[in-house]
Amino acid sequence: MLKIAFIGLGKMGFPMAGRLCDAGHDVGVYNRTASKAEPLVTRGATVLESVSDAARYGDVVLTMLENDAALSAVALRDDGLVAGMNRGGIHVAMGTHSIKLIEALVKAHDNAGLRFVSAPVLGRPPAAEAGQLGIIAGGAPDVVDTCQPLFEAMGRRTYAGGSEPVGAAVAKIVNNFILACSIEAMGEGFALGRKCGLPAESLYQILTDGLFGAPAYKIYGKIIADEDYFNQPGFSATTGLKDVLLALAAGEGAAVPLPSANICRDRLLSAIASGHADADWSVMAHEQARVSGL
Amino acid sequence: MLKIAFIGLGKMGFPMAGRLCDAGHDVGVYNRTASKAEPLVTRGATVLESVSDAARYGDVVLTMLENDAALSAVALRDDGLVAGMNRGGIHVAMGTHSIKLIEALVKAHDNAGLRFVSAPVLGRPPAAEAGQLGIIAGGAPDVVDTCQPLFEAMGRRTYAGGSEPVGAAVAKIVNNFILACSIEAMGEGFALGRKCGLPAESLYQILTDGLFGAPAYKIYGKIIADEDYFNQPGFSATTGLKDVLLALAAGEGAAVPLPSANICRDRLLSAIASGHADADWSVMAHEQARVSGL
Amino acid sequence: MLKIAFIGLGKMGFPMAGRLCDAGHDVGVYNRTASKAEPLVTRGATVLESVSDAARYGDVVLTMLENDAALSAVALRDDGLVAGMNRGGIHVAMGTHSIKLIEALVKAHDNAGLRFVSAPVLGRPPAAEAGQLGIIAGGAPDVVDTCQPLFEAMGRRTYAGGSEPVGAAVAKIVNNFILACSIEAMGEGFALGRKCGLPAESLYQILTDGLFGAPAYKIYGKIIADEDYFNQPGFSATTGLKDVLLALAAGEGAAVPLPSANICRDRLLSAIASGHADADWSVMAHEQARVSGL
Amino acid sequence: MLKIAFIGLGKMGFPMAGRLCDAGHDVGVYNRTASKAEPLVTRGATVLESVSDAARYGDVVLTMLENDAALSAVALRDDGLVAGMNRGGIHVAMGTHSIKLIEALVKAHDNAGLRFVSAPVLGRPPAAEAGQLGIIAGGAPDVVDTCQPLFEAMGRRTYAGGSEPVGAAVAKIVNNFILACSIEAMGEGFALGRKCGLPAESLYQILTDGLFGAPAYKIYGKIIADEDYFNQPGFSATTGLKDVLLALAAGEGAAVPLPSANICRDRLLSAIASGHADADWSVMAHEQARVSGL
């Protein structure tokens, strides 16, 4: 049976690793703050002491890290995965990362005789706990097949992200970018409606009852209709900007102009300039209202 | 019982008038091309000979006209509704019209001692036939209440568009504008995905299976994933541009900047410049692909 | 010798008509507010009582009217120029007008056996007084040639606007649109500079001393560097918006996307929404500063 | 007298260093490709063997490097300037660099007890040879004063870039960004003119004879009017994109939305996607023409 190492036990990584344990896999876990690994021991996990240990432990190493800097350090440093994994080993990066880093990792793993898969996930911590994530897997088909039992332990569905890891990586980026565009469009639409005397609640009903009856519009339309940007930020303006910049950087690399992403970028910068860096990223709509004289 | 006159028996107006007949209302119908009115006679309608006749016939006159020019002519000409209706009569404009015209109609009806409601509809001909339209009613609450039985004959739900007709008018405009933004965002996202090796079908599944599981994305995402812009245009680039321009004009009147609408406008102009005026308006995605070098 | 009728004696038209008088032409003048015509009598002008009189008086009728509504009324009403001018007569429209109106005028004059030239001017009242306007003449070459002595009395240079009146009309629109873009670009650049500690006066020197040593940058860069938007508006935000909308409408007619014009439009709308409709249109930079948190 | 080390003898650096020699300064020169330094020996320069040597040689070290990577290596590597210069030494970075790198350099020099000035230049190689550069100097006033004799040997004028190096750095970035905007605005304006029958040469004359009589418009307007993008690229689309991205990155760091820069970015990406990466960056206008159906 495959031995698995799991690196990164944050809000998403912890429940994902837990699902793998519960499914009976042999799982070694590593987290920079070691204490976070302890609760997994009772579920069968082996606590590992270092990235090097993880590299040696797993036939498959899964990483669920928060940003490029963390993944780059774990994978590419002298004592990192690429240097330490056994030839033929598989590294599956499950975080949301830039195309540039994914391309660099593809090359580095290839040079080292390792296999690399990008498998970003859709869903939030409760979905991770319930094993209900969407998983977008990109990489060589045989390697993705090998990982499929692991994906099944963590997710409700695996999407074919293509035979190159960048395909899967960009899918997650595009998903988040389109969400930003939805919020921006609602911000503009609600501002126009309000200035013309249309009750925000009516507009919300009209949209979500019809063409836009989906979580993106239900969740963010509600926040915008209620102008409730500051109480319980789920995803901050700063984090939203990071995601939009990932889309723009991907566009720069692939020579794809993204005018809608530009608008989201500018709106988020303006929100941040107004002191709303920590508000929910739908504060974009608040900025739109402001430049509309509301 | 209220006597109703219905003007405009096009693809939407015909089934709407038919529903009113079937519900037992006293309905007079007028259409510029008179032959279209005939089939309604067997359902109980009285055929009217002119706009003037319609003005005199109805306690409530409903208009379902294709554009501003048609409604303006019917309502404001010397032999039009405003000149011909009896004091206290109600005119309900159910087409999609500019805020500027709605404002002019409010004033004209007011000056003539008439009541005016804007009640644009959501849905396509099959929904009109089934009495399943969404109806956004804006105007004085007592007048809207008077019309509610008529709306119930035609629609599944009436949305409160506010106490001013412009509020309801803008709701329809905003709905269509946000749809344009969804198409544009998908166009950009699919182009980026394709250039990074992501299968279009996978991206479609990812989007519609998750945050974007709604008709806007299912219908137009499918067309974009299949690059099927030219076979069965539902809504042409020219018509789409008209709708986006309605949003921009509303924004100009209300001093609301609409950067996302600008992008849709430019994209549609570019599609038209490329010779795709009659393609489905999601040809926006085709233009995006072209400037991405695809 | 040609008899000339001049309609529209505003801030520009008055000195232009005066130059024609001084050059010895036979000039009849008409203005809606008749008193404005009086001072030209001593310079040799004949005061005309109506547009009809002007239509009959001139072999060439020059109009210098403030907007489309005024020109449309003067030219196209039942007692207007097209109805009243003698066959073969020449109408030269020297104001800044929409492409749509110019196209309609071309058709109307053509149908009536009249000749039509669009000849918008560059320069402000002092240049008009000094006969130093730039004149962009578009129309049939023989007709433009006939008018050249008149242009020489009013201007320093005549530019070839092409053999169709729309060409000249669009030249003026493009000139003003590019000016708007310059102001917007400076607004963005000065905001970025200020947030990074660059003295505005230095940036002004750098720009105007080098690549941008031209009136557009010297005049508006100074206002922006001094943040002096409110004291002596030369050209208001409302007027600026009107010009940008002329460019956008021209783009819509010709299927030309104009993303930079969109930005100027949105910026001006935002300035107007903030209550700055009457400020100098470079208040665009003030809005940019505001969304930058300055 | 101050001893000077000059690092980076490219198309700009070589003539700049030569001017310093000719002015009688004690100049040590270093270039990665050593042969480029030879011709300066006859003008009095001392050839240095390494960055370390340069660090030790100069009371003032001037760097004129092509990009961030080169400057970062020269300044921050273990054997670089920051590690090697004598306490109190001055490093003047004269290339065009990102705000992020300049900020990092400020901190690094400060920690090492060194003084740092950013002094980017305006002008091309012939201006450098003639000592006619514009120099934007940003840093502590006493340090800038110390460097002023050097600036006088190389430039026609020193602009006060503020007391922080980032101010001067951003000035150069803003200058280039506004140039990009000028090109974009012309691209849009010429496309609109051409579709309306306006001769491109006329538009060029109108613009450069009036409000836009400055090098930015004369140089690039000519290329656009002549559609001469491919023969003698002065500054490629790739290089132009690099400059626009510097502006956008500065905006991200300072929370300044830059919608005009976004448009330039997208236009350049589209040109690159079309295979025009090596064309003159005014190929932006070619892309605009293409999406206008020309």
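Observations
Every chain is named by a letter (A, B, C and D) in the order it is written, and numbering of its residues begins at 1.
Here, a contact is a pair of C-beta atoms (placed from the backbone, for glycine too) under 8 Å apart; a residue touches a chain by one contact, two chains touch by 3 or more.
On a predicted model such as this, the values are computed, not experimentally measured, just so you know.
Steps from subunit A to subunit D, taking the shortest chain of touch contacts, total 1. Mean C-alpha position of subunit B lies 37 Å from that of subunit C.
If you average the Cα atoms of subunit A and of subunit C, the two centres end up 53 Å apart.
Looking at subunit B, one finds that residues 251, 255-259, 263, 266, 270, 272-273, 291-293 touch two or more other chains.
Viewed as a contact network, the protein chains are fully connected, with every chain touching every other.
Residue ranges of subunit A in contact with subunit D, taken from their complex: 241, 245, 251-252, 255-259, 262-263, 265-267, 269-270, 272-273.
Residues 259, 270, 272-275, 287, 291-293 of subunit B touch subunit D in their complex.
Across the interface of their complex, subunit B is touched by residues 99, 122, 134, 136, 138, 157, 159-164, 166-171, 173-175, 177-179, 181-182, 184-186, 188-193, 195-199, 202-203, 205-207, 209-217, 247, 250-251, 254-261, 263, 266, 288, 291-293 of subunit A.
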